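Some structures are shown below for you to check.
There are two complexes below, and they share chain A, which is joined by chain B in the first and by chain C in the second.
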Partner chain A sequence: MNPSMKLALLFVVALEISFTTIVSLNVALIIIALIYLLFKRTRLKTLGWLLLVPLLPAIGLWSTQYINGTGDKTLMAWVLFTRIYAFVFTGATFTLTTNILQLADSLEQNWHLPAKFAYGVLAAYNLIPKIKHEVEIIRAAGRMRGQTLSFWSPQLYFKAILVSINWSQNLAQAMRSHGFVEDAPRTHYRQITLRRRDWAILIGGIVLLQVGVFIIPWY
Partner chain B sequence: MKWVKEWYLSDIILLALVGIFFGAIFMGTNYLYDVLTAALTPVGLSGLANEILLGLWCMPGMLAGYLIRLKGSATLGELLAATVEMFFGGQWGIATLISGIVQGFGSELGYIVTLYKRYDWVGLTASAITTTLVTFGWDLARNGYFKLQLWLLLLYLVIRFISMFVFGGLLTKAITDLLDRSHVLKSTHNN
Partner chain C sequence: MVAIAIEQLTYAYSAAQTPIFDHATGTFPANQFTLLTGPSGTGKSTLLELMAGLMALAPEQGTIRYGHQPLTAIPAGERAKSVAMMFQNPNQQFAMDTVENELLFALENQQVAPDQMMARLTAALDFVGIRQLQHRILTQLSGGEKQKVALAVIVAMDSDVILLDEPFASVDPVARASLLKRLVTLRDQRHKTIILADHDLAGYAPLVDHVMQITPAHQLRALPRTDWPQFFAAFEAAHQPDWQRPALGVETVFNFQQLQLQQGRHVLLQPTDLQLPRHRNLLITGANGCGKSTLFEALVRLSDYAGTISYRGTDIQKIKRKRYAHHVALLFQDAETQFLNITVAEELAQSQKYASGDYFTPERIQTALSQLNLAGRDDRVIYTLSEGQKKKLQILLMLIIQSPVLLMDEPLKGLDLKSIHALVALLQTTLAVTHQTLIIISHQLTGLTPLIDHHLHFENHQLHYVGRGRHES
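Coming up: the complex of A and B.
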């Protein structure tokens, strides 16, 4: 499916379940997402990880409502517990099957996102391993001078911003020297198509969600 | 499309890089969040972990608004940080993206109400206040806060504002003071 259409559909789903309090709907969404993930041959280890990671915050939200809530405490506790999992599993149908390159291509080609936004973010994204390393370097450099830089130290962020300014100018220059011209029309090597089927899935999905929210008398 | 023209490629890369850098620094706070959540869950106050640390996660937006003084920079900065987080190690999926937009717009609102003119403690404090209110409004629905008892709701609101003020106000001010003293910001927007 077209990446940006998939994102749009999941965005609507996440937004709508944030405002509904139907446990069965959340569970149904989790099951649909799980089937999709299995269909896409997601490794069981990954699925287990998806089950495990949200457990602590989910129990936290559950106990908050159960102990300190008002009204139907049990219902709200389970709504929030299942909502977290619905977020994680519907989100995983996107993040585990689509990469940022496909999304950037789709947003640029199908929705006319200016190329400088698409490629600018991609350029930064590809530096993630280098950025993690740089944070270690900044911390090590601090320790050599007897300074422990932690997440509350302004110097740590300051140095990170200095590096960012430096790298952003270098990267922009590098892209320009490779022929990237801001706001100029481009041709595309990787073509992302937007088919009628994508529209059908998006609209069908949203309609189905409304049926789940407003029409089915869930218990 | 005048708004698009105002943005240079290097600005966009800068915002994305700052977002990723901050994300890399925050990774060290995950254990703190987990420990706090686990400790507070038995008494039903696990939300406090989120409230205490939320200011930290909203810093990229507030700083982006300060670093690049264009309309929408705070929103874009936080959105880019969230987009990258969604793909890289973030298990919250699309919810991250929505939070990013909400937090970014919250920060932006602070600069909007000060008419994009106050790049000092007034702007940052305004941003801390609006970020608190906007994100709290969102959590009323998303995290079911509207069902909580009133005392807890007020406690969460106060702690969230303190967190926003300490990280988004005081810490961000300390960072921007360092930036001002080093005169790096003038050179960032003329290439």
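Coming up: the complex of A and C.
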């Protein structure tokens, strides 16, 4: 499916289940997401982690609601419990099957977002692991000059911001030196198509969701 | 193909008092290989950036012409077709994640038809001889490999003029020779115009057609061929001295037991036992990406390793980080990494405040500053200094700190011969008093040799001493 359409559909789903209290709907969404992930050949180990990691916060929410909640405590406790899993699994249908490059391509080609923006997002994403190591390096550089930079030290952030500004300038220069010109026409090696099918899935998905929310008499 | 003419170029950074160029005029002939030289900080990078159109030039600041056409008249979209640039820092030239995606990005920008892209991409990779890197992630490549990829991008873009700003600053001799060979081929077979800025001029004499100098009077001057022999002689590789291996039983500063280094799943150093002597200056050489910098990161506990590293008898993992940092400091390869403040004066003050010894009195600091040609820049924002000035300031800051052990990663990077001599002299007079232990990684040996006592070579995932004398391991 087209990456940006998939993201849009998931956004609507997330928004809607945030305001509904239907346990069966959440469970249905989890099952659909699970089937999709299995269909996309997600490794079972990854699925195991997806089940395990949210367990603690889910139990936490469940027990808080069950013990301290008001109104229908049992129902609300299970709504929150299943909602966490619905978020995680529907989210995973995007993060585990789509990479950021495809999303950037789609935003640029299908929605005509400025290429500068699409590549900026992409570059920022590629920088995340570098930033972590860079913070360690900044702290080491401080220690070697007698200064302990704690995680709340403004100097650490000043330095990190300087490094980021530097990186962004270098990135802009790298892009320009490789022929990138803002708003200039470009060709695309990876063609991301936006088919009727993508629209059909988006609209169909949203309609089905409304059926689930308002029409089916869930218990 | 067209010659590039610089006409009446006058340029100054707003913060600097003196101009970098003062009505400079000169011509870079078409289809030829021109070497651009000048001491560090004289404006080689600035000139190349101006010629590449990466920095704008106002009409009153002079004109840069490609043939008859002023650079400013070439539409931005067509500039990449005319001129491409390769940067000094191999980490600063890529926008994408993998080699393939970076090349595609450049081809897309040139509006190459998608069905022709893969052919051009593989042709460019084959030309540079790095087809095997096509699907690799850029951040996992060594400096030399990154520069080869940068050249492949330029080949794929097929730009007429290729500008290179000290492209070999962190490239080992083998990769450097291979890159130079490709540049000569680009000139001879594809009629490219090549302009390369460097200050380590070893090996260029037989390759280049012209030498263009930036003079102390901020002018451009073509060096007459009759002056070449004398000019290049200063850089010809001095024969490598035959250093001694450390004697048995000397006091050691670091002791490696089964030390093993890895980068991802790639083994850099196989389990090694080795002693590094105290109060001696040690040189570490080895090809690009072999793991020299990773060894330094392990020594200052910035990266993981297997086995044990002991500092004067204690496992470094058992020493408090803060205390250990007072003993073992690292001069980072990139000078900016070292800086913590904003102005030169603030940086100097910080080093003085936390110095482990009192050798560097304010007078000695002033002397050192003028020795390094850095005097009178107290209020300058460090980030506006030239790369060479940053490097010299960085080294001085770490000398003032006077940690018992100083690891230096490519301390000569970006420095001209005059600065190197000044720096080595400063190091010698300082070490004579402070008795620090220096461990130096350097590709460039010109001028550095008087400082070195022992030599370690990194090769085939092994680290061993070279030279005369007996030493096990």
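Rule of thumb we're sticking to: the second predicted complex is superposed on the first by the 214 of 219 C-alpha atoms of A that agree within 3 Å, B and C clash if a C-alpha of one lies under 4 Å from a C-alpha of the other, contacts with A are read in each partner's own complex, and residues count from 1 in each chain.
To be clear about the criterion, contacts are C-beta pairs under 8 Å (C-beta built on N, C-alpha and C of every residue); 3 or more make two chains touch, one makes a residue touch a chain.
Every value quoted in this text rests on a predicted model; they were computed, and no experiment measured them.
Touching more residues of chain A than its counterpart among chain B and chain C is B. Of the two partner chains, chain B and chain C are each touched by A:175.
In the superposition on chain A, A:126 makes contact with chain C only, while chain B stays out of contact range. Of the two partner chains placed by superposition, only chain B is touched by A:70; chain C is not. In the superposition on chain A, A:114 contacts chain B only, with no contact to chain C.
Of the two partner chains placed around the shared chain by superposition, chain B and chain C are both touched by A:162. Of the two partner chains, chain B is the only one that A:151 touches; chain C does not reach it. In the superposition on chain A, A:193 makes contact with neither chain B nor chain C.
Look at A:95: by the touch rule set out above, it reaches chain B but stays clear of chain C. Common to the chain B-facing and chain C-facing surfaces of chain A are residues 119, 123, 155, 162-163, 171, 175-176, 180. Across the complex, chain A meets chain C through its residues 101, 119, 122-123, 126, 129-130, 136-138, 140-148, 155, 159, 162-163, 166, 170-171, 173-181, 184-191. Per the touch definition, chain B reaches chain A in the complex via residues 4-5, 7-14, 16-22, 24-26, 28-29, 34, 37-38, 40-47, 49, 56, 59, 63, 67, 80, 83-84, 86-88, 90-98, 141-144, 147-149, 152, 171, 174-175, 177-179, 182, 184, 188, 191.
Per the touch definition, chain A reaches chain B in the complex via residues 7, 10-11, 13-15, 18-19, 21, 49-50, 53-54, 56-57, 59-61, 63-71, 73, 76, 79-80, 87-88, 90-92, 94-95, 99-100, 114, 116-117, 119-121, 123-125, 127-128, 131-132, 134-135, 150-152, 154-158, 160-165, 167-169, 171-172, 175-176, 180, 182-183. Those residues of chain C that touch chain A in the shared complex are 52, 54, 76-77, 79-81, 84-85, 87, 89, 91-97, 101-102, 104-114, 117-118, 139, 153, 157, 300-302, 321-322, 325-326, 329-330, 332, 336-338, 340, 350-351, 353-354, 383, 397-398, 401, 403.
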